[in-house]
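The same chain A turns up in both complexes below, where it pairs with chain B and then with chain C.
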Partner chain A sequence: MSESVTLPPSSEYAVEHLKREIAFMEDVAWGLAGCGDEYALLQAPMFMTQIEFAQKTLQHVEEGIPFTQLWYPGVPEFCTAMDLHWDGFTRVTLSGPLAYLVPEYLLKMLEESDMTGLPGDVCTLRRFETAAMLAGKFPRPTSAVACLHPCDGVSVFQSACEQMFPDTPMFWADSPYDSNERGITYYAGELRRQVEFLEKHHNKKLDWDRLREVIAVTDTQYELWKEFDLLKRNTPCPMGSWSGYPIHHMLQNCAVTNAAPVTTEYLKSLIAYAEKQVAEGKGRLENEKHRCLFMDIAPTWVGSITKILEEECNAVVVVDGMGDSRPYTPIDLTSEQTILEGLAKRYCMDTPMIRVSHGTLDAMLDDLRANVVDYNLDVVIAPGHIGHKDVQAAQGILRDTCREMGVKLLEFNYDLFDPRYTPEEEMRKILTQFFDAI
Partner chain B sequence: MNRMNRLDDHIVEIEAFVQSTIDAGRQVREWNLPERDTLVGDIGPSRNRMVFARDTAAELGHPTADSCLGVLWTSDSDLVSDGRVRLIGPDLAEIVGQHSPLGQIVVLGSSGFGEDTEPFALVSLRMVDGIPGVMSRISPDTAWYRMSRGAVDGGLDFRALGREMMRNWKRNIPEVESIEILFVTSDSADLERLKAIARAAHEVTAAMRTADWRRKGIDLSCAISHCGSCADQSACTAIARAGSLSHAG
Partner chain C sequence: MDELRLSKALETLTEASEAAASRELLAWRAAGGKVVGYYCTYVPEEIITAAGAVAIRLRARTNPETDTASAYMGNMCCSYVKHTFDMAMKGKYDFLDGVVVPTCCDSIRHMHENWVQYIPSQFSHQIEVPRRNDQDAHVAMFRDQLVRFREHLESALGVEITDERLHDAIKLHNETRALQRRLYELRKRENPPISGALTLTLIVAGTSMPKTDYNPLLRTVVEELEQVQGVPGARARLMFVGSCLDDPAYLDVIEGQGGIVVCDSQCFGSFQLSADVSEEGDPLDAITKNRLVDQAQCPHVSPSNQRTDYVKKIIEDFKVDGIVCSRMAMCDNWAGENFLLNRVEKLPVPVLNVEREYFSAASGQLSTRVQAFLETIEGARV
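Right, the complex of A and B next:
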């Protein structure tokens, strides 16, 4: 049954880069541990497990243990159930949390990505990935699961991966655009083929009972995530901007935390903190004046935009592109088919960013309305990231919808990953002038 | 067909579903509530209050328990019994501690709502506004309510819930002249029957919505969606090709 391929080892640079990245993250972890800030320390598990993620990848590379490569839409539950390590290409590309925490590191990545020669209107994340691939930073995986969603642009990276690792078998999961029964059934078929692919290339057989155990844990974790999201409805919001964004990484985008006890405990700690805040009538902001929906994920320069919003505009991003109050669908564990259909819905339709970016305009408008009403928001920020042309294209419709709902809309162009595109001073002007005007 | 009557057949099917339940000897509770009847302290259209998990008496329409939501409308006053709330299945006090399935069909009567169906989507989200001890998560075809212990212990039941929802609908859409609501908390078999009707009705309202946006100059199916599923793709491609040829010329 096994057709695992013996591949050339990862490049020395990939190994060296991993080691330096781990050492750097460990240094940063020391600094975080000493900060003494209860709120910041809530995110300690997320940071520490990113180090563990990199360490486990290094171990697999150095010891020649087969592993696959995927992204969160590639259903991490399969790998967890098969005890198959996977390396995430955003882990490599963004060096875990480093791109978000260390501006100098981000600048270095940007300079490297400028050298790729890819056009400037291609999403910077794609340019980061390509630069990392060309530089040899990616450890060579035994196999790779390519995802064609949430965005069409991700196929740019997958193609680069195919070219750099021509001998690495790659599975392309074709994802539907419609979130109906036909779409779910189709993608369930793709996931079945993905399982067969992983089994074939890693000499492992998926134990469906083990998968049931894993999913039972992640179902509970998704429910906890929704519980946390509910608490952000409170006015004032108990948490700061983008507080739910790291949950996506813990639950979906990290090989060592998917279905892991640390993720359950992490979620419970967030809920406990938020409940305490709500019970005491406290918000993260002392003087919360505006509650915002930010129709995108957190930019790599989230620190500076958060500071401007929270300290200068008294505005908090309550809901972002990765979290809201819409329910995830618990998986029906009755049969292999119901499991696959449930996972298809979860990873191709339920995840907010996928639902909005990959789905139809109806989904974007429905989610917008539900978020505004459920979270009592007064501002919608619909930034036009250069790679998120879906939001850019929908600006007129968003304007109409926000006007109907009586909420204020702020639109501007920026780059999620490159703060040079809209420099901090320009961003400050855009935000402060808008919030002053309303 | 007048857009106010495109859902009449579905309303008739809902009625047939209820009648078949009665004919099978099962209980269908019914309350006919006058408009002035206020069963819950009137605190106006305020935001839902938080209901923590630890304070929850029951969750209706929880993802593990199934949910179905339908909002239908008509100009035929014979099809709507104003103020009627009906319940198939246990009431709130009987489902404490459980995740209960929830089917909810709202039927609105009016001589005319105007050109736009979008307001319904918005009002649907605010249906339980101001009802103490009730928190909701609503999507176009599901409703998920969390009921607090305090509210249920204080006597909140489907009669009161339905009454307050009706007030919210009439408050938010003045054109609503009559309204009735059906709740189903019995079992998955009943929910499946309801879902089949609600799904079919949803396709009709989705088509109306698409037409509304087209009137505003926006093709929802084209705006940011997938060309492969579009019926006009070949014409669109031909036009684009002709345009680029004229540029080249």
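Right, the complex of A and C next:
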């Protein structure tokens, strides 16, 4: 008698959607290639790999080849080493870059999410995911591997997933609260079960030596990320706002290019660009007045907020909540156990957002203190995303920490996926008044 | 209900349910007894009892304000957390020797860090509650948490928590659960002799006074109620599902429309009494298994089918006609659960989805919606 939904019977809509998505991304890549802007061209590899990835998913769905669906922070290294194709729940939900680039498309997603019946104070990404699932946007995977983090909202998505794909085997890992040895051992156990799960449902055996090779490549990529971040410490900052954010996407989030040479080349090109800027004493902003830490993910309307910050406030977001290479530690490849523990640390205690949201506030406050000093920041922007209730519960502590450090703090409420929540004019007022005041 | 003589025991329990600290608790405190406050059913009261202290569940019905808490917590945090933390900051929990906070939701877990930072005079402990319970590793992890809690409590209160004391505490709390289940059994009757609001009053009373005082009082009330014939004519038998509710007045509004709330799936309700702790074997093993596996689980713990199965069983056992899903604003855990029950699960009864704050003022709106819901249920019978 409850008003239950009808499950999508096939992946027909998902296929149609994927095709449209690919066509759009090809247009973007084409436009990017011809734009002639050196800085914009740096991002071209990300689009190209997303296109290739979506094409591969399409091929798997159309030809009935088994694949898995990962929810960030799944461990793509396992899949790469097993030669198992995966797609990301988040990538499918946001249709790659569509939600970021096409306001009309984002609006349609918001309208669909409003129809799910989920309350408006639940993280909009979770509502997007649920709406996408109800609409049949997700190709039905052979299996799904996910983690019950970084927030309570994941349980919304998890419940929907379990019920909407009742015949799809799923592995939901529990991540520990503590970031110590106990926590690492615990999560390593979850990852071992994850490997067993993938082996069982895909009839493939993980070759641990192949996994070592994959991890070795990613370790090199993390080192390059650190090298890039060191360059961003220069004043003026050689890069524009959010420059670390795409790196996170390339390496981790959908990890569409996990261990792929294109990611290494992408990182090298960023370093080369930043080195050139530093050598010429150039910043991305001509008149850099403020260097900011934005303690959250780039919103879907990142374009307008960046414009306000950079052009009207002369402020650059040097470090953001996703684009920070700080915590990554190379993985000890000695044994299966050291590998699992290294990956446990990488995906539970180092990965952005998960790192600061799964345990106590120590990681968040330590990163804040270190970033302010290392990157010579004078402003901390702590937007209270509607879904980040953990950070909301720490506003007093955050304020007192910034006060102790003598750094200016701007706190406001927003929805990082829904520009209607804090319209552009309101955002302009908040930001310009704040920067005028300091 | 009119036939029920308001016994002295009932009066005492009703009074206890209204205050943050009952008269009995304050008497215990005045005699030098220790008191430990806690949030959430995953915190094992038995260990606190075995430490010689009284465990009370933190509530804030006497504090309609959040002005102080709002300086520390943003407006996306749930109102239950803010009202209780507000009380703490204002010194209204000064009768506590300590507080235990689980990691059961995003607002609560960082609220604990506020407690550590801004109320350092009190002992505080955080218990990690896994988000899954279907592997031995999850159970082992939770047991390890309880070992740490036991050790911390021993050092904080300067006591030894022996297995013998744990066994005694388990027996005491099982007695409480057995009495509360008798209360719930009465609600299975065709004409229950007790309303949902009064049941909640009696359950809440048990969270704010020593169990040694509570159990005899509750026994008296239960025995009295067992002799009472319920009044026929309820328009529908309803189930309450949702974020923690400790306010009987809320159920009064629902029942004021002619329905009767006969059961629930919430943590100030059936969760805590849904399963006994085994009195055999290692007591920490038994408590671990009870909390993480045997008792009804809240949406913090997956997989979700164990929760929906629980709801379906209750619908059957209590012959439920309709479900009122009432989520506290900003509560992500229950948003997911209510979505599941409303949109995904094929339940045999209709579901009404409503929202509330910890202090609910919108009783008119609730009345109207419940009224319409009852008409829907009645219409379906015709």
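The criterion applied here is as follows: the second predicted complex is superposed on the first by the 422 of 438 C-alpha atoms of A that agree within 3 Å, B and C clash if a C-alpha of one lies under 4 Å from a C-alpha of the other, contacts with A are read in each partner's own complex, and residues count from 1 in each chain.
Here is the rule we go by: contacts are C-beta pairs under 8 Å (C-beta built on N, C-alpha and C of every residue); 3 or more make two chains touch, one makes a residue touch a chain.
Fair warning: this is a prediction, and the values are worked out from it, not measured in the lab.
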Should chain B and chain C be called a clash or a fit once both complexes are overlaid on chain A? clash
In the superposed arrangement, which partner chain does A:Ile215 touch: chain B (first), chain C (second), both, or neither? neither
A:Tyr177 in the overlay: touching chain B, chain C, both, or neither? Say first, second, both or neither. both
Does chain B (first) or chain C (second) touch A:Thr360, or do both, or does neither? both
Tell me which partner A:Gly396 touches in the superposition: chain B (first), chain C (second), both or neither. both
With both complexes overlaid on chain A, does A:Thr329 touch chain B (first), chain C (second), both or neither? first
Touch count on chain A, higher of chain B and chain C: C
A:Ala370 contacts which: chain B (first), chain C (second), both, neither? first
Is A:Cys237 touching the first partner chain B, the second partner chain C, both, or neither of them? neither
Going by the clash criterion at the top, which of the stretches 114-122, 132-140 or 330-338 from chain C hits chain B after superposition? 114-122
Touching both chain C and chain B, counted on chain A across the two superposed complexes: 177-178, 360-361, 390, 393-394, 396-397, 400
What does chain A use to touch chain C in their complex? 1-5, 116-119, 121-123, 126, 130, 134, 148, 151-153, 155-160, 162-164, 172, 174-178, 182, 186, 189-190, 193, 357, 360-361, 384, 386-397, 400, 411, 413
What residues of chain C sit close enough to touch chain A in their complex? 71-78, 81, 103, 105-111, 113-114, 117-118, 126, 128, 130-132, 135, 137-138, 141, 144, 299-300, 302-305, 327, 329-330, 332-333, 335-337, 339-351, 353, 355, 380
Per the touch rule above, chain B residues touching chain A in the complex are 47-48, 50, 52-53, 63-64, 118-119, 121-122, 125-126, 135, 137-140, 142, 144, 206, 209, 213, 216, 218, 220-221, 223-226, 228-229
Per the touch rule above, chain A residues touching chain B in the complex are 177-178, 227, 230-231, 233-235, 275, 278, 325-330, 360-362, 364, 366, 369-370, 373-374, 376, 390, 393-394, 396-397, 400-401, 404-405
